[in-house]
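The following blocks contain the structures, represented as structure tokens.
Consider the two complexes below, in which subunit A is the common component and subunit B and subunit C are the respective partners.
On to the complex of A and B.
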């Protein structure tokens, strides 16, 4: 029983990280039909900025939690500005151009990773824990910090689902995602909606980075490590589908956790790729379809 | 202390000399292929830094004299990201584009195997720290290993750990799922079995893994007395140790490739305490030579990490190369490689030689001490230092 609790807890905390990451990826694809390989770099930028700002701000007069909060806010804003810049000067010109945007985003990803290495160096950084202590839930162990961050991540994901399902902006995003020409005929401003979609996706990557900052090891290529899992999640769930990205993220988290325990972590990774291939063969549009 | 002051004075003079006009001399490029990003970044960055220190010092001392001609060294380093694919690109860059004939530092069996497939064909001499046995032997006459490998480390390390923890009877092993991990795992299995310890499970993880909770759950599954983290670099090992701590596992922790306590303790926190390491040394202690103490201070200033054997190995290989060039009176890698195993040369550890023909069928292994250390209260403590018997015998014979 204890081990099932542990596997559940492991799956929960892993899926929270993947959900936040893959939501942004799928949103950009849905709205702009752009497969953004540079998405991980937004995530990485936040982490690297926080890694610099927290030690700089933290002092006897500035408690750690304040340093984290201020660093997180500044880093998220800086990343959003970076996202806006990249949208205007790069991605806007390659909307609905799968090949062009693929080449663009891969090139940008390599360029940004090179810049990260140049400016931040390659040495991995671990920031101090924000909350100390461990908890036992359903017989499984988890750090208090991980639990809090997981709950916040799930809250952000739920808010995102609500935003997409119930708000005017969400409806615009869904309409554009389904048929952008029909949406424009209905008076929905496509370019503005695409910009909002891109910025929301950047925000999600930034939030994921900020939330994971106290629990992850930060390095210049941390974004690409998450990117692969994020892509697997949205391919399985359905490119462009918000519920699909959540289902895909949970599925790969369960495979990683349960498969890693009963078989081998490497076999679990292999299983993710096999399942991706099977899904593509049986249901090419993913579990929830596109959009 | 007196020696240390002399070295400081020499370095100060050298720094002053560096402001003088440099004599026009031919440049010999020295390559490095090592991870400079990701979990093992500090190894590659440190290796590049120590190689540059050696090259600068040699250049300031007048360079390398071959056939009455003076040569200066220049270090060219690339990030191999610990993967075969990147290792291939780095090999192409170094050998075909930069025309490098000597590679003084290489980390990772997979990227180094990729490098070696080109270097041996191209007549390029390489000094590497790859742990795999498969990269050495008479079929690779231009390859030399500049630091200890599992074949030198594991037996003395495991013996020591068991002497300190006589009740430990079972072990679970974790390794990265790549060429380094696969080769080391075989040696580790045999070495534990030879000590009468039962291997309960041997586990693998992919480099680049970000979530280690499933790995930790798997490792503790059979309640082993010892967990051996194999070739996991400090950043990965630190996370695994932290997750083991969360699960409440309290056993003997061994990290054969543990190179320093700083990153391990920073990432693993209190859970890193007690970890035995076989690949670290306290280069700030009186056991270290003055050169090593200065390099250690430089590493701390530059990377906030103390010096480790992997990083210092490229410093030693630059000096080994200089000695062999001057002894062979040639800059031809083949002639230099033929002379090198016969020499006694200076390194940061003092005088040493290449040997271990009994293990590799060819004397390609630099003989340096095995240093066993432990993380105690977040700091590394050197427990013992073992000088190889072959080195003792060769130095005695040379006298």
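On to the complex of A and C.
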């Protein structure tokens, strides 16, 4: 029983981060029909900025929590500015051109990763813990810090789902991803909605990065690992589908924690791939995909 | 028309002979390595472009190159088989695997296929690191070409690449090639005239992977050392850069793009480890500023009308 509790807690932690990450990916795909390979770079940028800002801000007079909060906020804003810039000078011209935009984002991802390596160096950084202490829930152990961060991540994910399900902006985002021409006929401003969708996705990647900063080993290519998992999650769930991305993320997280516990992490990744193939064999457009 | 085509064939044949003869003088030093890299990259790009004929981006190519390289490496170093056997088994192994993977994944298309092929490459790379027989993380050492070929390895590689390019071009010009392009433009119409679209796509991937397997075997014997990280998705991304810079509307595109970028990359490497930035910037600049790459620029220069882009419509 204790093992199940532990595995449940592990899956919960991992899935919280994946959900934030893949929600952004699926949102961009739904609204702009862009498979954004550079999504991991937003995530990486936040982590690297925080890794620089926190040691710089933290001093005897500035408590760690304040340092984390301030640098998190600054980094998220900087990343969103970066997202706005990329939208206007690159992705705007390639919306609804799946191949073109994908190639572009692959190039951008490579370029940005090269720049990261150049500016931040190749040495991995581990920031100090934000909160000390351990907790036991359902027989499984978890550090207090991870629990708090996971809860915040889940809160953000739930808020985002509410925003997409209930608000006017959310409705227009969903309308555009179902059929952008029909949405425009209803008077929904397509370009504005696409920009908002892109910025929300950037924000989600950024906040995932900020929340993982105290618990992750930060390096220049930290985004790639998440990117692959995020892609597998949204392919399983169905590209563009919000519930699909959540189901996919949870599935991936469960495979990763259970497979990683009973076998080893690389076998878990292999299992993910095999399961993805099986899902695609039965449903070529993913579990929640349509059309 | 027939005359024009005849003279083009003559030019191509002359040029090929010239390149082949030139490669005899490459020797065994850095120039030889450069000749081999350029030749293999050209073939890789041509193989990648072949799947673009059906409108798909095949990132699994890096995986198939890896399979080819490892199979060839095992054949020559572990089993002591002749080089030619290694080359053929590498190509066949990659083809066989691509038939299985293609049969499943080519039911999907567009972004689903791109992402799944990308995941395939990364998963294969991880599989190599888990197998001790092929050296897991540190890879395989001592994959040398046969003694008989040592001095002429660049020429051999160039000859294989030229032959493969001609075969790919002939297939593209044939009726089968026209079906491939028709599938890219509208697969539903191809289906209505009774052509099995799924099987055609699988065969297209298989042909491309056959070539990728050859590339892998040639690469393994050129570098003498192979490790899992040589066959990450970066290999496919670099290949994509060759095509984007060269242009994808004509088979000359991959040739131009791979030659120019491989040589320029050597210059860039002289300034430091800027490989990522170099290739990333090449793709971004090509996509944003050069539709249809160098081939498009040449077309404009010659006053020819631009060819329709090989972009998939979904």
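Just so we're on the same page, the second predicted complex is superposed on the first by the 289 of 291 C-alpha atoms of A that agree within 3 Å, B and C clash if a C-alpha of one lies under 4 Å from a C-alpha of the other, contacts with A are read in each partner's own complex, and residues count from 1 in each chain.
By definition in this document, a contact is a pair of C-beta atoms (placed from the backbone, for glycine too) under 8 Å apart; a residue touches a chain by one contact, two chains touch by 3 or more.
The model shown is predicted, which means the values in this text are computed figures rather than measured ones.
Visitor: Superposed on subunit A, are subunit B and subunit C clashing or fitting side by side?
Guide: In the superposition, subunit B runs into subunit C.
Visitor: In the superposed arrangement, which partner chain does A:192 touch: subunit B (first), subunit C (second), both, or neither?
Guide: Neither partner.
Visitor: Just to be sure I read the superposition right, which of the two partners does A:256 touch: subunit B = first, subunit C = second, or both, or neither?
Guide: first
Visitor: Check the residue A:269 against both partner chains and state whether it touches subunit B (first), subunit C (second), both, or neither.
Guide: both
Visitor: Output check: A:88 vs subunit B and subunit C. Expected answer is one of first, second, both, neither. What do you get?
Guide: Neither partner.
Visitor: Tell me the contact category for A:107 with respect to subunit B and subunit C: first, second, both or neither.
Guide: second
Visitor: Who does A:217 touch here: subunit B (first), subunit C (second), both, or neither?
Guide: After superposition on chain A, A:217 lies in contact with subunit B alone.
Visitor: Once the complexes are superposed, what residues of subunit A are shared between the subunit B interface and the subunit C interface?
Guide: Of subunit A, residues 117, 266, 269 contact subunit B in one complex and subunit C in the other.
Visitor: Would you mind writing out the residues of subunit B in touch with subunit A in their complex?
Guide: Contact set of subunit B toward subunit A: 35-39, 41-42, 44-45, 79, 81, 177, 203-206, 208-211, 213-215, 217-218, 221, 235, 238-239, 246-248, 263, 266-267, 269, 303, 305.
Visitor: In their shared complex, at which residues does subunit C touch subunit A?
Guide: Checking each residue of subunit C against subunit A gives 55, 57, 104-105, 107-108, 110-112, 114-116, 118-120, 122-123, 126-127, 129-130, 234, 237, 240-241, 244, 273-284, 286-288, 311-312, 314.
Visitor: Quick check: in the complex, which residue numbers of subunit A touch subunit C?
Guide: 29, 33, 35, 90, 93-94, 97-100, 102-104, 106-115, 117-118, 228, 231-232, 235, 239, 266-267, 269-270, 273, 276-277, 280-281, 284-286
Visitor: Would you pull the subunit A residues touching subunit B in the complex into a rising list?
Guide: Checking each residue of subunit A against subunit B gives 3, 6-7, 9-10, 13-14, 17, 117, 121-124, 126, 129, 134, 141-143, 216-217, 219-222, 224-226, 229, 256-261, 264-266, 268-269.
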